[in-house]
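Chain nomenclature is as follows: A, B and C, assigned in order of appearance, with residue numbering initiated at 1 for each chain independently.
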Amino acid sequence: MDNSTLIGMVSIITAGVTMAIGGMIPALGQGKSIAAALNSLAQQPDANQTITRTLFVGLAMLESVAIYCFVIAMILIFANPFWNHFIA
Amino acid sequence: MDNSTLIGMVSIITAGVTMAIGGMIPALGQGKSIAAALNSLAQQPDANQTITRTLFVGLAMLESVAIYCFVIAMILIFANPFWNHFIA
Amino acid sequence: MDNSTLIGMVSIITAGVTMAIGGMIPALGQGKSIAAALNSLAQQPDANQTITRTLFVGLAMLESVAIYCFVIAMILIFANPFWNHFIA
């Protein structure tokens, strides 16, 4: 078990755990937002323009948090400077 | 237990755990959204166009979080640069 | 306990755990959705076309999350590149 193995193992575990844990609460928030938007649509069907526009902006903001985790995981796998140092 | 075995073991475990944990909360959010949509349909059957469109966009956003985890798991299994380094 | 034994053990455990944990919450979401659909049908029997169509699309989305876990488990059992490397 030399240095590059340790760096590789830690990078793999962290990439997976970051995506799995980091996507949980954005997904929970998106679920809550969609449920609230659908309840609002049932209550005020005439305001559907405003409700869906607000929902989509909100979903995009929540999605961005999940995408940050995805970017970190991808960087750890494909552009990891620590790994590049040890295999150089 | 040499270096490539360790990297392989860690990759297998992380791939499975990422998909299992990462798919949980998107699925919970989808369940909540579908339940809310069905309640809204019962309350306002005339707004079914708006409700189902909003639901399907929301489900797609939630599905994308699960797909990020699937992509990470697939990369760890089939395109793992750490593994490729050690078997080279 | 040589390298291929370790990889085999880890693959077996991860395949089972991935499917077991990963199938839990999609099944919970499907249960919630079906319960909500049945309540909605009792409340608005005339909207049964819309309600059942929305339910079936939603169930398919939730099923897909469970199918991702199934695919990962199958790959770990039948097309495991780590195992193939060690028995080559």
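In this text, contacts are C-beta pairs under 8 Å (C-beta built on N, C-alpha and C of every residue); 3 or more make two chains touch, one makes a residue touch a chain.
Heads up on the chains, UniProt names are A, B, C = ATP synthase subunit c.
None of the values given here were measured: they were computed from a predicted structure.
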item: Arrangement of touching chains [line / ring / star / complete / other]; value: line
item: Magnitude of the superposing rotation for subunit B and subunit C (Cα, nearest 5°); value: 20
item: Subunit A and subunit C, separation of their C-alpha mean positions in angstrom; value: 20
item: Intercentroid distance (Cα basis), subunit B paired with subunit A, Å; value: 10
item: Touching two or more other chains - residue numbers and ranges from subunit C; value: none
item: Sites on subunit A touched by subunit B in the complex; value: 1-2, 4-5, 8-9, 11-13, 15-17, 19-21, 23-28, 30-39, 41-43, 45, 48, 51-52, 55-56, 59, 62-63, 66-67, 69-70, 73, 77-78, 83, 87
item: Residues of subunit C touching subunit B in the complex; value: 1, 3, 6-7, 10-11, 14-15, 17-22, 24-26, 28-33, 35-37, 39-41, 43-44, 46-47, 50-51, 53-55, 57-59, 61-62, 64-66, 68-69, 71-73, 75-76, 80-82, 85-86
